[in-house]
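In the part that follows, the structures are each spelled out as structure tokens.
Paired with subunit B in one complex and with subunit C in the other, subunit A is shared by the two complexes that follow.
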Partner chain A sequence: MNILELKDISKIYGSVKALQNINLQVSQGEWLAIMGPSGSGKSTMINIIGCMDKPSNGSVILDGANISKESAKSLTNVRRDKIGLIFQQFHMINYLTALENVMVAQYYHSMPDEKEALQALERVGLGDRAKHLPSQLSGGEQQRVCIARALINYPKLILADEPTGNLDETNEGIVLDIFKQLHKEGITIIVVTHDPEVAEEAQRTVVLEHGRVARIVPNKE
Partner chain B sequence: MAGDPMKKQTMYFRMVTSSLIRRRSRMLVALLAVAIGATVLSGLVTIYYDIPRQMGQEFRSYGANLIFIPSGDGSALSMDAADAAADFIPADDIVGMAPYRYETVKINEQPFMAAGTDMEEVKKTSPYWFVSGEWPENDGSVLVGQEVADYIRLSPGDTFTVTGTDIKDESFSRDFIVSGIVQTGGTEEGFIFLSLSDLEGLMGNEGELDVVECSISASQTVLDDIVKQITENVEGVTPRLVKRVTQSEGTVLTKLQALVYLVTVIVLLLTMICVATTMMAVVAERRKEIGLKKALGAANKSIVMEFLGECLFLGGLGGLLGVVLGFVFAQTISVNVFSRSISFQPLLIPVTLAVSIAITALACLLPVRSATDVDPAIVLRGE
Partner chain C sequence: MDNKPLTTVNLSVKNLKRNPFRTAGLIFLVSLFAFTLFGGTVLSKSLENGMNNLSKRMGADILAVPYGYEADIQSALLRGEPSTFYFDAGITEKVKGVEGVKDVSPQLYIATLNAGCCAYPLQLIGFEPKTDFIIQPWLTNSLDHLLGDGEIVVGNSINAEAGQKLKFFDRTFLVVARLDKTGMGFDTSVFMNLSTANQVARDSERLKAHPVAENENLISSVMIKIENGYDVKDVANNILQAYAKESVHVVVTKNMLSDISGNLRGLTAYIYILAGVLWVLAVSVLLVVFSVTLNGRKREFGIFRTLGAPRNKLVKLILCESSLISLFGTVAGIVAAALVVFPFSTYIASLVGLPYLQPSYATVFVVAAMSFLLSFLAGPLASAYFAIKIGGFEIYTVMRENE
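On to the complex of A and B.
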């Protein structure tokens, strides 16, 4: 069963065609990597998959529902309920502790639950850093908080934008281990990356060039 | 496994207070703007309402503002009628009431005007009198006007003899000691001031007055009301306002209050601009945070409520600080300018708080509205 289906997606900004006739299916529990040089349309594609932008043409089917014509308000609700976002720059709220940063996602989704948020931090190995502010955490630790925050509302899809782009080798390994664990648990993951080593961990790699799908490379099973 | 959910309000409160406490260097600037505005506001409002009292006291230095004279039938003003009229003046407002009886006496066969009065009350109704020597404290000692002293060459401590005829046409003669020489710059310098009892002793009768000078600390409206009451209720007394004092007092007060009012309005506007500018800067530097919250699924309403919560907190805290500092500010001004302390007005607490919160909320409205325009996609661009 497909969790995400892009049908003939195009995105046009004035005279610039950022995406052209993209067709892609992502099945439930799949780990997909998206690669491509700068300007290839990666950002536009994750904006559309992440419900932060709408395609000029084509349809986006997420969890069985066509969301390509939804209003910005409806897209916010879809994003909140179905997508967990992980960013290259971590993006933590700097005046909230690690635990509170996770609880913020619960707060906007439904009800904050301190115990559950703590369990999410323990899952990424940061139970003892729950009361620390972002400024007291390393880059790798901040990214793990970001993963805990993305997972807290049990999303259908994890969308990670260059999740290891700002990490050293050790922390990159830790983050990839967490992703492997999530994949084993059946969570769908889409990772946008420049790093071939990260892409190799996925089941398939979609390579974008000039706003088109240049090739789809199957990796390992 | 899930635990007990926290109330959304608790998390909201935690987010708002954390933002204020953990970003204190930024928020202190905004708090300072609100607190300074609230301080000047509460201080000026305190002064605004205290000016009539303070200036009323100040104006009393310029002499009586109400006089009692006999009714037009030619008879003297009786002490009883003056007392009855005085009953219509609120006791707390009376600064002083000096009775005067004028009689012609002779010194070295030269006629002079003698005024019998109550020296302690004269000190209160005419504080501008300049006395060389001492104010009389005993019967037999007098104040002599500068003109009289120059004419018959009297100095403090000198003794002189007063002669004349009393109401029964019988001659009298009595020695008095000059206690002090009085300068007023007015007609008083041609008078000899002795105690009322001394003058009554010389004239052989008592209970008759020519005029009572009253110094009352009250507004023009209250004074008008007192005059009306006395006119309607007391016979034998004609109350008259000393217009040059009461009218100029009213004019100065109105202008002074208008000035303070204007300054208060300008301060409020400046505070609003200052808070709005600060909040715009706060929103601008928190665009990524707003984008992140929207990316996490925050509705525009939630973002607005969070910023408004911070604004209201700032307004409330700044208002509270303003109440305390404003009183200190008003007290300092009052002590230094008017040499008197002022009393705290409890009503100022809710008023200052409400105005501070309203001004802060109003100032935050524009930047907060712009906060909702932030595109959540900014967090995905790796900026």
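On to the complex of A and C.
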């Protein structure tokens, strides 16, 4: 069963065609990597899959619902309920502790549950850093907090934009191990990356060039 | 864990705490406005009240004083400043004979050095209880007898009650009554009959020569009430024509009051202009600061949006922050103004030199409520535009800014 389906997706900014006729299916529980040079349309694709923008043409089917014509308000609800976002720059709220950074996602989703948020931090190995502010955490630890935050509302899809781009080798390994674990648990993961080693961890790699799908490469099982 | 539950208010408080200096600065700005508005309005209302009270209960239409002491009688009446000026007591009867004069009552002003009751020199006012129509209407409790020798009546701000004794120049006097709050110089004056006032003047001779001790036939002023149907200016002119050559001058109380009213209007206008300028300043500075800081926080709002925060929750968050700043500033400003205006009302009254009578609690409450409302609105108003605008950005773009 597909959790995500892109049908003839195009995105046009004035005279610039950022995406052209993208067709892609992502199965439930699949780990997919998206690669491509700068300007290939990766960011636009993340925007559309992450419900932060709408396509100019085509349909986006997420969890069985066509969301391509939804209002911005509805897209916010879809994003909140079905997608967990992880960014290269971590993007923690710097005046909130690690625990509060996780709880803030619960707050905007439904209701903060401190015990559950703490369990999410423990799951990424940061139970003892719950009271620390972002400035007191290393880059790898911050990214793990963001993974905990992305997971806290049980999303259907984890969308990660260069999640290891700012990490050293050790922390990259820790983050990828977490992703492997999530994949084993059946969570769908889409990772946008420049790093072939990260892409190789996925089941398939979609390569974008000039706003089009250039090729889809199956990776090791 | 001892975390407070995450709410819009808690998130706002956490962010305000993150920038303590900026937050304190903004709170100070709002408090400055609230202080000026509340303090200034109470001050202005007190002066207006004092003025109304004075014109309602002044009693005399004309004051006869020695030539050259027109300003001194105003100081004595309005501010209770110890004044000493004298002319012959026979003027009282002479003035009574002028056409249009209905009642006359003499007063004698004697300044003390320091008295046991007070830390500053007092104005002692001798008056004739039989003819007086100025002092006695202000008594809080009516006297069952005419003020006798050795008995005194104290102004409302003098720290003494009926039955207590006060000492002036080593002589003890019995307080028999207290005046209502007048808002003018009477509040800090002590009243006695003319013979007692003469006695005080003689007692003061031990320290310094006193003209009244040398000549008991002196008074300081004559309070004059005119007959119905006469024009006060005509009667004043009649007195001047008849007795100017005996160094008698007149002050028409209506004119004196209109001069004070003019000063009061100027002061009130100044207070409200200052409050208006401060309000515009406060809103403008808040507008600039919110604009800069909210622009700098786009990434933070972007994170909230990716986590599913709807636009209205961000608007709520920003308005909550600015409202908290306004709330703390407003409360601080009003409390600070109250701590200055109420305990130091006597000092303020002496500084401004105008009749000063604090308004009722109900009026103070209304002024506080209005000041609160206007001051409180400054923050949310200044942030409203940016609060609405901030939700409209492209989430992914602001998230990737500076990458």
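Observations
Simple rule for what comes next: the second predicted complex is superposed on the first by the 221 of 221 C-alpha atoms of A that agree within 3 Å, B and C clash if a C-alpha of one lies under 4 Å from a C-alpha of the other, contacts with A are read in each partner's own complex, and residues count from 1 in each chain.
In this section, a contact is a pair of C-beta atoms (placed from the backbone, for glycine too) under 8 Å apart; a residue touches a chain by one contact, two chains touch by 3 or more.
Remember, it's a predicted structure, so these values are computed and weren't measured experimentally.
Superposition model on subunit A: subunit B and subunit C are shown in a clashing arrangement.
In the overlay built on the shared chain, the residue A:Asn77 is in contact with subunit B and with subunit C. When both complexes are overlaid on chain A, the residue A:Leu99 reaches subunit C alone and has no touch with subunit B. With both structures placed on the common chain, the touch criterion links A:Leu85 to subunit B and to subunit C. By the document's definition of touching, both partners, subunit B and subunit C, reach A:Tyr107.
Legend: residue contacts after superposition of the two complexes on their common chain; A:Asn171 is shown touching neither subunit B nor subunit C.
In the superposition on chain A, no contact is made by A:Thr188 with either subunit B or subunit C. By the touch criterion defined above, A:Glu116 reaches subunit B but does not reach subunit C.
Shared contact residues of subunit A with subunit B and subunit C: 43, 46-47, 50, 52-53, 73, 76-77, 79-81, 85, 87-89, 91, 93-96, 100, 103-105, 107-109, 112, 114, 149. The part of subunit C that touches subunit A in the complex is made up of residues 1, 3, 5-7, 11, 14-15, 17-18, 299-300, 302-311, 313, 394-396, 399-400, 403. On subunit A, the positions that touch subunit C within their shared complex are 43, 46-47, 50, 52-53, 73, 76-77, 79-81, 85, 87-89, 91-97, 99-100, 103-109, 112, 114, 118, 130-131, 149, 153. Within the complex formed with subunit B, the residues of subunit A that make contact are 43, 46-47, 50, 52-53, 73, 76-77, 79-81, 85, 87-89, 91, 93-96, 100, 103-105, 107-116, 119, 133, 149, 161-162, 165.
Listing the residues of subunit B that touch subunit A in their complex gives 1-8, 10-12, 14-15, 18-19, 21-23, 288-289, 292-299, 302, 375-377, 379-383.
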